[in-house]
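My structure is below; once you've seen it, I'll send some questions.
Labels for the chains are A, B, C and D, by order of writing; each one numbers its residues from 1.
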Amino acid sequence: MDLTKDNAVWIYDRMVTIRAFEERVAKLFADGRIPGFVHLYAGEEAVAVGVCAHLGDRDYITSTHRGHGHCIAKGVPLGEMMAELFGKVGGSCKGKGGSMHIADVSRGMLGANGIVGGGPPLACGAGLTIKRKGTGGVVVCFFGDGAAEQGTTHEGMNLAAIWKLPVVFVAENNQFAESTPVGYHCAASSIADRAAAYNMPGVLVDGYDVVAVHEAAAEAVERARRGDGPSLIEAKTWRYFGHFEGDQVTYRTAEQSAAYREHDPLTWFARQAVDRGLLTAEEVEQRDRAAEAAVDEAIEFADRSPLPAPEEALTDVYVSYR
Amino acid sequence: MDLTKDNAVWIYDRMVTIRAFEERVAKLFADGRIPGFVHLYAGEEAVAVGVCAHLGDRDYITSTHRGHGHCIAKGVPLGEMMAELFGKVGGSCKGKGGSMHIADVSRGMLGANGIVGGGPPLACGAGLTIKRKGTGGVVVCFFGDGAAEQGTTHEGMNLAAIWKLPVVFVAENNQFAESTPVGYHCAASSIADRAAAYNMPGVLVDGYDVVAVHEAAAEAVERARRGDGPSLIEAKTWRYFGHFEGDQVTYRTAEQSAAYREHDPLTWFARQAVDRGLLTAEEVEQRDRAAEAAVDEAIEFADRSPLPAPEEALTDVYVSYR
Amino acid sequence: MAVATRTLTFREAVNEALAVEMERDPDVVLMGEDVAGGATVEGFEQEDAWGGVLGVTKGLVQRFGRDRVLDTPISESGYIGAAVGAASTGLRPVAELMFVDFFGVCMDQIFNQGAKLRYMFGGKAKVPMVIRTMIGAGFRAAGQHSGCHYSVFTHMPGLKTVVPSTPADAKGLLAASIRDDDPVLFFEHKLLYDTSGEVPEGEYVVELGRADVKREGDGATVVAIGRMVPFALEAAEGLAAEGAEVEVLDPRTLSPLDEDAILGSVRKTRRLVVVDEDNPRCSMATDIAALVASRAFDHLDAPPQLVTAPHTPVPFSPVLEDFYVPSPDRIVEAVRATL
Amino acid sequence: MAVATRTLTFREAVNEALAVEMERDPDVVLMGEDVAGGATVEGFEQEDAWGGVLGVTKGLVQRFGRDRVLDTPISESGYIGAAVGAASTGLRPVAELMFVDFFGVCMDQIFNQGAKLRYMFGGKAKVPMVIRTMIGAGFRAAGQHSGCHYSVFTHMPGLKTVVPSTPADAKGLLAASIRDDDPVLFFEHKLLYDTSGEVPEGEYVVELGRADVKREGDGATVVAIGRMVPFALEAAEGLAAEGAEVEVLDPRTLSPLDEDAILGSVRKTRRLVVVDEDNPRCSMATDIAALVASRAFDHLDAPPQLVTAPHTPVPFSPVLEDFYVPSPDRIVEAVRATL
């Protein structure tokens, strides 16, 4: 892997932070401290992190209902995220959005989205702004395998292609849309194959191998920055938790999940990085502890943050109204 | 061409009837006798006729805003069609639909459609009925090149593929969506290429060659009847008139249209059929005259048909309401 | 003759209506995302992995098989449009739009195709289909999973709209909707699923277009919709203690609307309060208030009171969402204002 | 100070507002199907082949180039969603939805994304965009090209809705909509395009949320929207001959609605007639009637009269369509009924 030490540290740090965050959120949900629909990203860390490793302040991402990992990879503060899940004033959205709408436009995170397929058109728009203003930025559009069947995904990819927008479409194929397997809902053998329908490069990568994701994304991001237009990356992955918290996951076997856990993207990457001398075992452990500490802090921040006043429900609808 | 004489007669008859109907509608529109939006099919006859030659009573078609040709090819009576364009009680839709909504469900014609991309989902539904009831029928879904960019077309093709529905998708690529060329609005080199995105056969045919269309359709219809699922046929064609009556057609050159007229699908087919002894020159002329006569009759029928009573506007909204 | 009943939850009542009608008519088919769940997954060939996101359609695939209980891709325009096409060619599809908030990705097939097909074709076709969809706030599901918006569908000619408030009505009205020859939007409030009540056994049909008096009274007419009906009844209890006997009227069907029942009740009570969980503008609340103001003006002794959600999306934080949803207290105040 | 004006058609006024605002702010971009037309066609590199289906945007691509006047595929969700994404990242897009009847293929991006983004993000983002769209019957365009449905958008929190009735208002309100920091739906009645009137030159802005009295009177208040305003004025002429001086009020903006202006006028005239070309259920007609009934009840001497289209799709045949559209005669009758 041609990663620098800094790359490796950043990648491992973000992956383990996402993992720690999600596992804690699962507990908090079970304890009844987080209400609503919560879709966890654990297992898919290598996708968001491998891609976002190439992004900076001028870049944007659009996300999905499963957005925590994207937020963390794009640099949204954990405390504000946790406070949002708690419905507190200190949350990224002042408690108005919750898990399905976490956003931080100031950091280029254009929002989780409660609508499957909601993101691709929005990504095209951010790409249009970048192109018009010549900022040299790129937009990454994350979407799930289920979202591949939504008309907006088709329209977004075609539009990005004909307008040569700097958009990288990343299909997170965790092989299920809720309880429906991709082999049932998707007529294509591979989502990446659909890139041909828009004359854009399409590549299928192992979403459990953060290095492979990182490499594929490097090329797609470069292409977009050059002004050569969009690309499609399909990352095959697997979620460790249910579709949402509360899901009994009757449609997958424990064996399947166990098999994936054996190739856990975090431990796999840590081993590789240590073998190649990019990280030391101590650094790995230190990152693990740091991640846990960061999540502890986030929870404390969220706990300290006050609940909004009820009347706050009436604000922020418009910039001005009369 | 492996056509029987009957095939040849039917094909020529329908093509020339469509041509005669559309040219007369153009005149009637110019004379102010037909109101509203009218999209003419002249030039594209070989597509509707070559495909519908394989259809019978148990089969359905979904159409577009440019639906006259589809209606005639599926056997909708000319008089009722013309009366509909006139807004008369004797019209296919009692004057309530007009050109953009001509329909005749009793003859398997599920309606012209004012919404681009409106048809594909409807076609899947008709296919579902056929499959569930085991009638052995098929559904042909006609759509334009512009409709290929509508999300519903993507959703319809994917759904037809995963449910193995007996649907034949026919992309009528007349190379423009209003004044926008397919090369601009469509990222794919060919609409037929998109079949791969749904694991269905896709073929590009010369839409000016009714025999080629007829052959491609034979295979797709057979496949659908066998229960092997949908196919996509892209027929490259050209419309002789403007997008709608009144269009000044500034986006195409007279030369382009002239070039197409030189290979007019009707005269081309007539010549071939006569050369191969499938038709005699007399029969061709006779068909030409018969078509004109049929349109004359249709106009007389439409003229004789009364205008609806104004209050008729309030009926046919529901089967029952309270 | 007395019908045998037993206690069922709202969820069970909806499930039973589907089962009874599918038993009765082989043309009735179900489709939607994970309405069975686990399609093509080994071990789930004829079983459901989910039975709907909140388990409402559980067990149906076991009884009727995957030919009649169809999992769909996330292609609402595709499969709801397919329901329209199927309905106009001989089936009676019941399509599920998981949350009404998703109507924006498939509205064309609903209001331009399904709703208008019969009219545009001069009455020469019909579209007997039902779209079941979840509505309502209170689930902490935030801005894109908590709306009502039945007003948008009631506005559209060609559609019928039904909002049940009790398990018995849910069963009877869903059966009527499935047997109806026009497209029907059937709205299920997710916070009513666990409520229970007496439900008739076997075939049970509640005619569309008939309101139901959930509580008799002559103090004021409270017209409430969906989850607002139990809220209105709770408010009525409190008011009764103050000596005000309010009448709680549940339209049950919004299109067609039982205008006579509403006007009749107001002529009796001379006061109107409309309780609607939907956003206030161009809503059922304004629709009913305008109906009464224009048709029973001389019978009104006080201005109509509208109790609705505010003109805002649904917020996530429980404190905010609880403020958003109309409360029994607000209903009590509104009634008092008319007395 | 007097502004220089000259006579323009409604079509020219809309075109001029776009040109002036694009001149003024380089972040304003136009997108839509054939808004220029002929993209990539030889000879049309920087020229329009169409300038919109009815020529409203003609000439703009010549002035501002194809980087700012973008032809789109027939992907309304795609490009209107792109407008939302562009607006939230720094541009001021003006997207054209050719006919409002097409909202069903892109409503999610409008009401769930564009309208709610700011709220769901806790006020930490804004979506300054305009969606221009054609409304209205009378064009013989039948069931899927003739609706109004501004009620559906007015119902949705987060959106602003504007319906101009004169060329001057069209220019001033469109300019205000483009400069506004919230998403605005701007409805242009296709049968008003050829009407003309005095329009101020240069920059001209009419503040959103302010109604306009198009005719003063104290006989009755006629609130009319869009093309119904000229119809109401025509009716008012006839009534004047009978000695009834009605006030014709044009809300111009439906969300936010100028409630004070409406309530104020009704308090003066004590009579209300609402004229709305949209379908009647959950409509602006019911919205305004309910507003007045609940807030100015004691000032009303007669039941509010609602003059609307019927609860049917728009029919094709001219005889049927002319029956569908509210007429000046029906307005006269409605006013008489209040006197």
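Side notes on the structure shown:
Note that contacts are C-beta pairs under 8 Å (C-beta built on N, C-alpha and C of every residue); 3 or more make two chains touch, one makes a residue touch a chain.
In this text the structure is predicted, and so the values were computed from the model without any measurement.
Separation of chain B from chain D in touch steps, taking the shortest path, is 1. When every chain is reduced to the mean of its CA atoms, the largest separation from chain C belongs to B. Here the spacing of chain A and chain B, counted between their Cα centres, is 45 Å.
Inter-chain centre distance (chain C to chain D, centres taken as mean C-alpha positions): 31 Å. One simple way to say how far apart two chains are is to compare their mean CA positions; for chain B and chain C this gives 40 Å. The residues of chain C that reach two or more other chains are 72-73, 75, 77-78, 101-102, 104-105, 108-109, 112, 119-120, 142-144, 157-158, 310-313, 315, listed in rising order. Residues of chain A in contact with two or more other chains: 93, 95-97, 101, 113-115, 149-152, 155, 158, 162, 184-186, 317. Taken as a graph of touching chains, this assembly is complete, with every chain in contact with every other. Residues 35-37, 84, 87-88, 93, 95-98, 100-101, 113-117, 146-147, 149-152, 177-181, 183-186, 250-252, 307-314, 317 of chain B are the ones that touch chain D when the two sit in their complex.
Per the touch definition, chain C reaches chain B in the complex via residues 27, 29, 67, 70, 72-73, 75, 77-91, 93, 108-109, 112-113, 117-126, 157-158, 160, 180-182, 208-209, 256. On chain C, the positions that touch chain A within their shared complex are 33-34, 37-41, 44, 49-50, 53, 71-75, 77-78, 101-102, 104-105, 139-145, 310-313, 315-324.
Interface of chain A with chain B (complex): residues 149-155, 157-158, 161-162, 184-189, 193-194, 196-200. By the touch criterion stated above, chain B contacts chain C in their complex at residues 60, 62, 91-97, 101, 103-106, 110-111, 113-115, 118, 120-130, 132-133, 151-152, 155-156, 158-159, 162-163, 315-322.
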